[in-house]
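Have a look at these structures, which come just after this line.
Paired with subunit B in one complex and with subunit C in the other, subunit A is shared by the two complexes that follow.
Moving on, here comes the complex of A and B:
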């Protein structure tokens, strides 16, 4: 419901972008001057609250967001004035309505000013009003902070980000729209709702969005095409980063494209330049993702023999491709798909393998020890390969590798070159992503019910849904890349020879 | 032995199968009551008669519920009590504890004769059983009171699924000390959810993680405290599915694993790594629901219930008597059961 509501918001916003942009500027200017011209806060506050109430009822914000709204109400009352048009566009009001509302606000403020003038002679009452307000405000604030600490695992405090602030900044983005192409709003929402999931899929979606951007791009007057495109890409990418932290594959792709832009020839017409950029993006998709996948697939097929029992975990587009390719080449093997909550990506893997007539078994990850003795090879996908040879992948990958290691089974990690990352990481705590806690509290494997649905009622309870974990290099037998089959520790060597670094 | 004579044990088996008697504590208490009733009301004259009756029940349970060790262990222990009382009744051996000499020679004189009638046996047995029963009832509390010896302030403790003993243990520690608990949800039964809610009700900071995040979290965990289904003779565990993985992760990060085990969970049997030899599979519908469509016709879905954890992954057993290393389990076993009863 949350996602649906937000999606709606964004749609509405994109419609209103142009209007609200212009009006927003006027409005904020006029009101900011008013704010500075000393008027009693009480009037203002009551005003915001009524407005906020409207907002609450209108967006039907999920209860988790409400405390944050409350906090910002107190802290950022000044900013609120600036955000007036934004509320309007959330509510989906027409231009006339916005105007009417604005007029009402201005009237109220004028009245406030008049009232204030009458009080100015006598300073005492004004102060007392302020004092009362402060007394009211302080306990509220602490309460709000308490609710913020709730349901959080202190080890991961650095990874949580305010859902509401996030939304706010997203909306700011849409309002002051620094040239973010609408396709990125759609994409951002797809990332956020995890309807596009997986390192490769996210990267491909990003690249195709870039292509749309390039096609629609108009060079601003007196600016050079590549420079301004680079800037726009930067803005779009930082927008996407706010929706969901970028995958390593995406940062690498963005970096490569930016590098291409800076190295390109400036003395061409814009049409040629566009063609050039599109061509290069296509070549990136072709070479670094598609052909790389094919090369890896060929390499792994050499290692798959008849009668093998291959264990895999979750969903990886590359692993799926390898297995399907191997099956098409008349290799006869069985696949065991392990899966884990809450994403249950393994089901997708299972579905696609079964569609290709590959015999499959399906188990949850805690049964890894149950099947491991029957397995001959373990194939795992990766989110990124880190400079110290550790593998970053979906949570649970490390565990599967660990069990495989205990049963002395070879573990092959398949990863395209473009997912290599200069970062070195030894634990799953510093860089990670916290997924939706709600997903953990709802059971999606069976029709069971769980008490955890009401986790928000318990102050000291915190479901934790980590997205990634880091597999130590000693648990991995080899990494298969398009260049070679390598031990994990050779990752920095590949990083060094990678072009354009 | 006729089926009609075994009706008590058949009822118990059916109760366990249908989940009416679910926790191992309940199973233990019910078994003890069954034997108590058998002793007070059963048709027997000599110790040998009684032992035949009990052994028939053990065989019945072992064939019907091969994975359920608690009732068998309870009965085995009662067999040992009978032997001891018989021996002391006839002053065959010196009173009190078994001597080291006896321990060594006990296997030799296994052709003992229990056929002489001993009139005082029934009453003294009932006395001993009453004592044993209170021991069973207090066992959880006795384990819980040791909590403060093992949990220090500000620890991060990981536990898997739900165990009443672990829950009490942690709650007892929480009365005095502040610490965090990470509960692994243990899909597809999700007992971890219930555990987490129970703990958080006692004001313990609780985090619920999916089974997949164990390795990621383990590096920050101070201790793993779990319950188990059975402790095998070598100190290994037959525990809930997924515990082996947790134990491997703990071993990798040198995190101590403490297993809270009642005495009746100690089994004189051994397990091998061969999964089919000890595991059972529950309904696969919990893993892949029937609503998944035509795909379920084409895949094998397994939902194993148990995991074997080898003794080298376990750090400590905590029973009501205190803490013991896995290497000491053999000694506890020889105190609990008579070597003649290990195989029935």
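Moving on, here comes the complex of A and C:
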């Protein structure tokens, strides 16, 4: 019953969004031009840093978020997605307009809810969730080990998802609802199917989901707004964590938001509190993600000179932004995009660079040593920067850095400050993520079907698809952050001076 | 002050006072500019200082040292003085601060000398490059403590500054040998360690120094000899060269050279990456290259 009701709810939202989307397209164009003209005012890097505050207020539309939207739009055909607050901030409407839009959204949702007479947050979420977990934990474990153990690499046993248990618990979640906002079900599915990829995109999607949650949130009776919101966020995040382990960027964002919830003034009305929280989330997106990206882009552009051959690996939204910005500044350089199976993210990078008229070539990672001699600089994105100066990134990054180091080419890792992580790690075993093993078995490039397709029939075969690897700091020449260009060894200093922790 | 005035002031400081290094001279010149400034706006002052900085960079002295000196001046003397009411108050505070700052900087060399001389033990053979005031003073300090050691000095083309260094050392009764720049590899096997100065210490922990330092560092690494750098902390500068070609042109070439075709000109400095440096002796203590960037972050953030 309730599931059906939810579906209705979503439909209402979709219609509303479709409308606002059409309006948004026109607006965003004019907005973009406005932004570029403003940017030119603050060309100098130093100037930019000192006037960071000022700049933040100037730029209304975070241009970096646009590509994420493009990307999600592409994938919307696969999974129907609704994402309103993100849109609002992308279109870069004035505050009043955003407010009006939010109010409209709120009204629509409220009406829909009244019709269904089922309100999401009314049930006390924490208690029921504990019950569910207790129930499922005991009977399932034994079964799981029997069925799935055989196709595992024992070294990584601690990383395997309990596939069966996971599905079961997801089902529990969906049936009992438990205070998880519907937007998180969609988001979780997108994470799981990897239609949202990359730690920036994932973090932005999460933050926009938070915004929807805050807008729709109703304080349960006899509870304080911030406390109950914090609990609900906790529940939602743990649901997402079951869909796909959280990225470091997401964990950091969640931590910051929870921190601001605990520090906020509780003597305001709920509406003011909501406004407050939404503002803070928007500011986080602006300051820590968008403006940070811009600062990094400016710093790296100083290092890109005419005639450079820049090698990059996979698809990093930040690297793409840097390269496109540098090209706009009339720097003449070539890009070599390295890529690897099974995700083939580099294709996306290639598409976007070619769209921007940047001369590119595309190779798979096994040709790295062949092209490295022609390369002048290597630019890499990062999933996280660890406290010991090591860089955690998509698998293959360490290999690219190693080859670059062998050829004595400078390796620059670009990473926003909010992706810094207090964990220290020297190998990829302890903390990692195992991707879909099925993806290794299918080769979409060859016509013939491979032996591997039936890998589950072979008892002794255990394909391993690791998502991340760790690059030692001595293979990295410099890390570019919004604060400074640093050697990897200075990451702990940045962690120490980071405010609020 | 006019551009030409600034230039002549800067040059006269360097010519008259033997002991003053380029960075300090730059700061002293900026202090003069500040003293003679008679308009009443902060903005105007900042503009004037900027012009003075550019003027100094246009002389034949090391741009790396001038830049880092000026940056420090800006960071510690002119910034953060805006909360006083009148401009005269501001100016007074700035001058006071500036003098205090200069005093501190002049003490820096003493600290470096003290730390560096500990590493020179009886019977050691030291290789040094070009002429550096800190290295000279450190060697003098060690000789004063009655240590017996031998020094190899490279001739250091193109300005032959090694010859002067050799003369200075002979006057101090320190046994020294002048060698050709191309003989670095030959003498490396018999020296105990390499000790050089620096024009600038960059954010990576590497150094920018007279051309040939990189060659020496590579040789020392190959022969597993320690490579020590003596540098005061006012030489720390916020640049991060990735390789030799990434060094700014104003560091590598003199103003006259920059007017000509750069592909035919020979660079005056090179960049030694942190991996080749064993230790840096600074007034902040003895640092590993990776600690330099930590100190820089502390200084500027």
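In this text, the second predicted complex is superposed on the first by the 350 of 501 C-alpha atoms of A that agree within 3 Å, B and C clash if a C-alpha of one lies under 4 Å from a C-alpha of the other, contacts with A are read in each partner's own complex, and residues count from 1 in each chain.
We adopt the following convention: contacts are C-beta pairs under 8 Å (C-beta built on N, C-alpha and C of every residue); 3 or more make two chains touch, one makes a residue touch a chain.
These numbers come from a predicted model, not from an experiment.
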First (subunit B), second (subunit C), both or neither touched by A:486: second
Touched partner set for A:354, first subunit B, second subunit C, both or neither: first
Contacts of A:465 with subunit B and subunit C, given as first, second, both or neither: first
Which superposed partner A:367 touches (first subunit B, second subunit C, both, neither): first
Touched partner set for A:377, first subunit B, second subunit C, both or neither: second
Partner chain(s) touched by A:477 [first = subunit B, second = subunit C, both, neither]: second
Which superposed partner A:403 touches (first subunit B, second subunit C, both, neither): first
Winner by number of subunit A residues touched, once subunit B and subunit C are compared: B
Touching partner for A:341 - first (subunit B), second (subunit C), both, neither: first
Residues of subunit A at both interfaces, subunit B in one complex, subunit C in the other: none
Residues on subunit A engaged by subunit C in the complex (per definition of touch): 303, 305, 377, 410, 412, 474, 477-478, 483-487, 489-490, 493-494, 497
Interface residues, subunit B side, partner subunit A - complex: 185-188, 190, 193-194, 196-197, 200-201, 203-217, 219-220, 241-242, 244-245, 248-249, 252, 273, 275, 279, 285-289, 292, 295, 298-304, 307-308
Interfacial residue positions of subunit A with respect to subunit B in the complex: 153, 155, 340-342, 347, 350-351, 354, 360-371, 373, 394-396, 398-399, 402-403, 406, 427-429, 432, 440-441, 443, 445-448, 450-452, 455, 458-466, 468-470
Subunit C residues within the subunit A interface of the complex: 203-205, 238, 240, 242-243, 245-246, 274-275, 290, 293-294, 296-298, 300-301
